[in-house]
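Before anything else, here is the set of structures, which you'll find just below.
Note that chain A is present in both complexes that follow, paired respectively with chain B and with chain C.
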Partner chain A sequence: MFHYATLPRIVVALAAGASLGLAGAVMQSVLRNPLASPITLGVSAGAQFALALAALAGPAASFLPGEIWSLFGALAAAGLVYVLGRRQRFEPARLALTGMAISLFLASAAAALVLFNEQRLAFLFLWGAGHLAQSDWTSAILVSAAFAASFTILLGAGRVIGLLAAGDAVAGSVGLKTDTARLLILLVAVALTAAVVSRVGIIGFVGLAVPAIVRLCRPRSVTHFLAASAGLGALALFAADALAQLLSELGGTLVPAGAVTALFGAPVLFLLLSRTRLTGRPNPPLRMTAGRFRDPGRRLTAFLFAILVVAVLVALLVGRTGTGWEILDPFGDEAVFLTRLPRVLGALLAGAAVALSGLLVQKIVGNDLASPELLGISGGAAAGIVFAALVLGVLSRATLVVFGMAGAIGTTLIVLWFARRHRDQIAAVLLAGIALGIFLDSIVRIALVNAGMQAAALLTWMSGSTVLVSLPESLGLGLLLVIAFGLVVVCRRAIALLDLGAAVPRALGLKVRATQMATLVLAALLASAATMVIGPLSFVGLIAPHLARLLRARRFAERVIATLLIGAIVMTLSDWIGRVAMVPWQVPGGLVAGLAGSLGFILLAGRERAGAAGA
Partner chain B sequence: MAIASISGDTTPAGSPAAGVALFDLKRAGYGVGGSRILAPIDLQIPAGGFVALIGHNGSGKSTLLSLLARQIEPSEGEIAFAGEALARLSQRDFARKVGWLPQDPPLAANLTVAELARFGRYPWRGAFMRHGAEDRRAVEGALGRVGLSHMRERAVASLSGGERQRAWLAMLLAQEPSCLLLDEPTAALDLKHQLEVLQLLRQLRDENELTIVMAIHDIGMALRFADHLVALKAGRPVFEGPPQALVRPDVLSAIYDLPIGTVQPKDGGPTVVYPL
Partner chain C sequence: MRRFTQRLLFPALSAIALAIAPTLALAEEPASPPERIVAMEWAELETLLALGVTPVGAAGASGYRDWVGEPALPESVAEIGTRQEPNLEELARLKPDLVLSHAHLRPLKGNLNAIAPVEEVTFNGTGSDTWEAVLAGTRRIGELTGKTQGADALISSADAAFEKDASRLADAGLQGRHVYFVRIIGANALRVHGSNAIADTVLSRLGLTNAWKGDVNEWGFAMVEPSALAEDPEATILVAGPVSDAEMAAVFDTPLGKALPASRAGAVRRLPVTWTFGGVPSAIHMAAAITDALTGTGN
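Let's look at the complex of A and B:
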C-alpha cells in the first residue's frame, strides 16, 4: 500500500508541482509577461480537450498513447496563442486574454462533450480538477523523467532565457535570434505541461502563482528564478495534496488537490498583489490614421433592430424534428408557441443584460478587454448559486438568484478594489480576475465532484440551458433590463467621463468613486441575473461591446443601444442553434454562445494589431 | 541663496490685482508613508498672476500642483482658495473655478475635439441638466480661443502633440474657470508649439484675467512668460520672486546645484540661461 500508493503519490505531487512552477516561470520569462502560465496560455485546456477527444474516440485513437494526444492538444492551443500573440507583439494583457479565450473555448467544447457522453467522460470532472491518487509508479516515473529532462535543458539555456527576459531589443542587439530561441524554449515548457496534464489533470494555480510569488522575492538571476519556482511549485503542490487528503478524510467528500491549490493559491496571490505594484508598460503612443469618425447614427440601430426581429421570428417559428425542418403556425399550434416564447424571450433578455454588463465593466476598469466572464463576475454568480443549491439545499430559483447576485457583487468588489489600486494597469486587474475565476471554478468543481445526482442538472445549468426559464422570470429580467437601460442613459454623461481615467474627471467635479460603485452594482446585478438564465460562460459580455465598437458605434448612447441589440441577437440565435443543431438533443444556448463568442474573440484579437485604439 | 519669502509682498507690483491671494498655503506639506515629498510650505498665489514652478525632476512641482488641484490632500497644514478652506468647497464648485491639466492627459481615443471640450461643461451641468445655448457658446468660444474651431470634428487621437495640448486647453477653457493649473503643458512640444501654447496662456491671462500656475522645465520660457517664479528643490521652496530676481547666476546655480551662467543678448531678446 505504502509502496504502490502513498510513495508514488508523493513523488507525483513533488514532480508535477516542480514541473508546473518551472513551466510557468519559463513562460513568464521569455514572454516578459507576468500573466503567462500553462493555464492562461491555453496549454492545459488544449491538453485536456485532446485527451477527452481521444477517450471518446476509444480504439480509433489508441494507436498512440494518451500522453502524445495530450501533447498535440497542448501544442495546438499554445501554437494558436503564440501566433495570435505575436501579431500583438506579445502585449501582456492581450496575450493572456487570447489564451483565456482559447481556454474557455476549449472548456466549453469539453463541457459539450461531457454533456452528451456522461458515462464515458464522467472521469473528466475529477481529473479536470487535478487528482493525484496513484496506484503504481507509471505516473511518478514519467512526470519525474519529464521534469528532469526539461530542467536540465532549461537551466542549460539559462543565459538565453535571461536575454529574452531582458527584452527583444537587448537580446537582438547581442546577436540572439529571438524568435527561434523563444519558440524552442516555449516548446520545452509546453511539452512539460502536456506531460503533467496527461498524468494528473489540470492543476490550476501552481504555474501562475508560484512564479509570481518567487518574483516578488526578487531573485538575483534567471537561473535562481527558475530553480526557486520549481522548488516552491513542488512544495506547494505537495502541501496542497496533503491538505486535500486531510480534507477528504475529514469531510467525507472528495477534494482534488488541484482545487486546493486554487483555494489557497488565489488568496496568497491576492495578498502579494496588494502589496506590490506590477511594472506595466505605459500606454502605447497612439496616433490613429483616421482623422474623423464616421458615426453610423440611427441606421445602425435600425439595421440591428431588423436583424433582431428576424432572429426572434426564426427562433420562435422555425424548428426541426427528426424528419426535417418545420415552420410553426403560431395560431394553429399555440401550445408549442407558448412553450417556446419564454425561452426565446429569456435568451434575448439575458444576452442583452450580460452585454450591457460587459460594456459597463469595461467603462469601470477603463479597458475594452474586460468582461464579466473574464473578471470572474459571472463565475462569482455561478459559485454563489452552486453553493446555495448544493450546500444549503436551496431549490427555489428566486432564492438562487439572490445568492447569485451576492456572489457576483462580492467578486466584483474584489476586482474593483484591484482596478483602483492598479490604476491603468489592466494586467494586474486581469490577473486578479483570472485568479478569482480559477478560484471560484475550483469551488464549483469540488461541489460537482461530490454532487452525484444533482451534478448533471447543475452542469446543464452551468453550460447555459434556457429550457428551465419561465415567463415570469423572463419578465422580471426584462424589467431589470429596462430600469438598468434607463439609468445608464440618464447618467450617460457621468459614465462616459470614466473614459478619461480618475484624475481628470475628478478635476471636472465628478464623484468618481460613487459613479464607479453605482455602475458596478448595476453591472453585477445584470450579470448575475443573466447568469441565472444562460450560465457563466457565454462570452457575450465580452463580444457584444467589441462588435458594437467594430460597427463604429462610438458615442456612448449609441454604443449602449448597439451593444444591447447585439447581445440579444447573439444569444437568441445561439439558443436557436442549440435547439436545432443536434436534434433530438438540445445543446444549451449558453454553450453555443460561449463557443461562438470565444471563437469570435480569438478572430477579433487576431485582427487587431498592437497599439490599436482601445476604450 | 534666496530663501522662500513667507508673505505675499514679493508679488511683483506690475501684475494685475496685486496683493489678492487666490491660493494661500499655510505650512501645507505632503508625505506618503513617512517620507516627505513636499516639505511644509507657505506660499501665496496672487490672483491674476502667471506663476511658473521650476526645479529639478522630483523637486515636488507636480505634487504642489496636485495639492492645489485637490487631487491629493495635504498631509499637514492647510490651503485656502479665495479665502475659503479648500476642503470645504464642493467638488463641482471647485471645478467651476479651477481647471487642472495633468502632465500626461489620458488618451481620449474615442472622442472628437468638440466632445472633449464639452466635457468642460460637466461642472456646470452635471450628469443630468441639459446643455443650453450658454454651454454651446462656452464650448465654441473655447475652441475658437485655442484655434481649433476648424478641427472640431477631428478625432483627438489623430491630432499632433501641439494640437492635442490645445484641445485639452479648450476643455479647461470651456470650464470657464478663474484659474488654470497646468503640469508641464509644453513638455512634449517642439519649440514652435511651446511658444504657441505659452503665448496663448499669456493672452488668456491678460485678456480674461485668469490666474495661471504651471510647472515648467524650460527655464528660459519660464523667465520669458511668467511674472512670478517659485523654485523648488528636493521638496522645499528655495526661491520666490519675479524673473529679474531669478536671473542671477548665483541664484540659479543654487537651485540646480550646477554652475549656471546667463547672457543678455545685445539685440534685446530674452535672457539666455546656460550651464557652465
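Let's look at the complex of A and C:
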C-alpha cells in the first residue's frame, strides 16, 4: 500500500509542483508578464475540455489515451492565446484577459457537457480540482521524466530566456530571433504543463503565484529564478497535498490538493498584491481630440430598440417542441406563454443590468477590459450559494437569492475597492480578481466533489438558467434597473468624467471619492442581481459596452442607452437559443451568452489592436 | 388576465401558507386520483411505475433507462429535460394535474406551481433517516394516486424479498459477511455507501455487514480513494452498475487495486444496473443483485 499509493503520491506532488512552478516562471519570463501562468494562458482549461470530450466520445476516442487528448487540448488553447496575444504584442493585461476569456469559454463548454452527462462526467469535478491520489507509479514516472527533460532544456536555454525577459529590443540587438525563440520555449513550458494537467488535473495557483513570490525575493539571474520557482513549487504542492490529506482525514470529505493550493495561496497572493506595486504599463494616453465623427444619436437608439422588439417577439412566440417549431398563440395557450414570459423578461432585464454594470466598472477602473464577470463576482455568487446549501441543506428560492446576492456583492466590493486603490495598474487589479475567483472556486469545488445529486442542480443554477425566475423577481429587477438608470442619467456628467483620473474632475468641482464609491456600489448591486438570473459567466458586462463603442455611441448618455439595449438583446436571444437548441433539454441562457460572449471578446481583442495600430 | 394575477400573487400567498400551516397540505385527500402525473425524480418515477401508474412525463426519462432500468419505462412517457432543469414548456404542454417534485428542487416550486399542483415527495439526500423517508414517500405517492393498498403491498413485498434473499445468503453460509458497496467515479475516487444509505439498509436486512464505518454525507456516501477499501481485509467489494470494463480496470487492475485484500481474495464483484438513490423497487432489485453476486448465481 505504501509502495503503490503513498510513495508515488509524494513523488507526483513534488514533481508536479516543480513543473508548474517552472512552467509559470518560464511563461512569465519570456512573455514579460507577471500575469502569465498555465491557468491564465488557457492551458489547463484546454486540457480539461479535451478530456471531457474524450470521455464522452468513449470508444471512438479510445485509440489514444486520455492524456494525449488533453495534451492536444492544452496545445490548441495555448496556441490560440499565443496567436491572439502576438497580435496585441503580448501586452500583459490583454494577454491574460484573452487567456482568461478562452479559459472561460472552454469552462462554459465543459460545464455544458457536464450538465447533460452529470453521471458520466462526475469525475471531472475531482479532476478539475487536482486530486493527487495514486495507485501505481505511472504518473510519478511520467511527470518526473517530463520535469527532468524540460528542466534540462530550459536551464540550457537560460541565456535565451534571460534575453527575452530583458525585452525584444535587447534580445533583437544581439541577433536573437525573438519570435522563434519565444515560441519554442513556450512550447516546452506548455507541453510540461499539459503533461502535469493530464495526470493530476488542474492545480490552480502554483504556476501563477510561486514565480510571483520568488520574484519578490529578487533572484540574481534567470537561472536562479527558474530553479527557485521549481523548488518552491515542489514544496508548495507537497505541503498542500499533506494538508489536503490531513483535512480529508479530519473532515471525512475528500479534499483535493489543487483546491488547497488555491485556498491558501490565493489570499497570500492577494496580500502580496496589496502591499507591492507591480510594474505595469501606465494607462494608454488620453486622446486629446475625439476625432471627427457623425453622431449616430437617435437613429442608433431606434435601430437597437427595433432589434430588441424583434428579439423579444421571437423569444416569446417562437418555440420548439419535440416534434418541431411552432408559433405560439399567447391567448390560446396561456400556460406555455406564462412559463415563457418571466424567463424572457428576466433575461432581458438581467442582460441590461449586467451590461450597465460593466460600463460603470470600466469607468471606475478606467480600463475597457474590466468587467464584473472577470472580477471574482462569479466565484462570489457560487460560493454564497454553496455555503447556503452546506449550512441549510434544502434551499428555497429566496435563500438562494439572498445568499448568492450577498456573496456576489461582497466579492465585487472587495475587488472594486482594491481596483480603486490601484486604478493605474489594471494588471494588479485583474490578478486580484483572478486570485479571489480561484480562491472561491476552490471552496466550491471541494463542496461539489463531496456533494450528491445537488451538485448538478447547483451547477445548473450557477451557470445561469432562467428557469427559476418568477414574474415578481423580474419586476423587482426591473425596478432596480430603472432606479439605477435614472441615477446614472442624472449623474451622467460626473460618471462620464470618472475615467479621467482624479485631477481633472476635481478641478471641475467634482467630489471624486464620493462619486467613485456610489458608482461602485451601484455596479456591484446591478451585477449581483443580474448574476442571480443569468449566472456569473455571461460575458455580457464585458461585451455590451464594447459593442456600444463599436457602434460609435460617443456621448455618455447615448452610450448608456446603447449598452443597455445591446445587453438586453444579447441575453434575450441567448436565453431563447438555450431554450430551443436541444429540445427537450435546456441549455442555461447564461451559458449560451458566455459561449457567444467570450468568442466575441476573443474576436474583438484581435480586431481592436489592428484598428489601434492603424490609428 | 386571471392567470396573470394568480401568477403574481401565488408565490407570496404560498410562502405565507407554507409558513403558517405546513400541516394543512398533508391533510387534504384528492377527491379523484390525478390522471396526468409528471415525476421530477427517478425514485418517484420507479415508485409510480411499480404502483401501476404510468406518468405522462418524467424528467431525465432517457437517463432512467441507463441508471435505474427497472421497472421498465414505457415509451409513452415524455422526456421533459434533465432532472436539474426540467423543460417547463414541455411540462405545461402535457397539461399535468399533478407534478411530483422534491425538496432539492424547492427553488423551482413556485414556477411549477403556476403550471399544476405540486407535491414534494423527497426520498433521498435530506440527512434524515433515509429508509423511513423512502417508506413515507412510497405511502405518500400511494395516497396521492389513490393506490394506498398498492403502496402497502409494495412495501410488504420488499420485506418478503429481503427475507427470501437473506435466507438464500444464510443457506450459502454468507451471513454476517462484510461488504463494501461502492460506485466508481474515477480511477482514484469512489463513492462508498455507509450508514443511512439505502444500500446500508439493504445490507443489514440481508444479514450482511457494511464494512464502511466512516463518516458519510447526507446522501449516505463518502468520497474515498481506493486505498480506503483496504481497511477491512475480510470484506467483499460490490461495484454498483452500470460500470464499464475500462472503469473496473482503472480501479482494480492497477498495482494498488491488485494489492487490495478483496482483489487478492478474488472478492470484487460487479453488480448489474443498481440505482442507489431510488425507492422501494430499486431496493428490492438491489437486494437481489447483491444476493446473486455473492452467491455466484448472477453474472
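Points to keep in mind about this one:
Criterion: the second predicted complex is superposed on the first by the 592 of 615 C-alpha atoms of A that agree within 3 Å, B and C clash if a C-alpha of one lies under 4 Å from a C-alpha of the other, contacts with A are read in each partner's own complex, and residues count from 1 in each chain.
Everything below uses one rule, namely that contacts are C-beta pairs under 8 Å (C-beta built on N, C-alpha and C of every residue); 3 or more make two chains touch, one makes a residue touch a chain.
Bear in mind the structure is a predicted one, so any value in this text is a computation, not a measurement.
Looking at the shared chain after the overlay, A:I327 reaches neither chain B nor chain C. Of the two partner chains placed by the overlay, only chain C lies in contact with A:S396; chain B stays clear of it. Of the two partner chains, chain C is the only one touched by A:G319; chain B is not.
In the superposition on chain A, contact is made by A:R554 with chain B only, not with chain C. Using the contact criterion defined above for the overlaid structures, shared-chain residue A:D136 touches chain C, although it does not reach chain B.
Once the two complexes are laid over each other on the shared chain, residue contacts for A:A169 go to neither chain B nor chain C. When the two structures are aligned on the shared chain, A:R340 is found in touch with chain C, with no touch to chain B.
Partner contacting the larger number of chain A residues, of chain B and chain C: C. Of all the residues in chain B, the ones that touch chain A in their complex are 69-71, 90-96, 98-100, 102, 105-112, 115, 119-120, 122-123, 125-128, 153-155, 157-158, 175.
Residues 3-4, 7-8, 11-12, 15, 63, 66-67, 78-93, 95, 103-111, 114-115, 124-127, 185-189, 214-219, 221-227, 230, 246, 251, 254-257, 259, 277 of chain C are the ones touching chain A in the complex.
Residue ranges on chain A touching chain B, taken from their complex, read 283, 286-293, 490-491, 493-494, 497, 499-501, 503-511, 554-555, 613-615.
Only residues 1, 4-5, 62, 115-116, 118-119, 122-123, 126-127, 131, 133-137, 252-254, 319, 321-322, 333-336, 338-340, 342, 393-398, 400, 449-454, 456-457, 459-461, 465, 467-472, 579, 583-586, 588 of chain A touch chain C when the two sit together in their complex.
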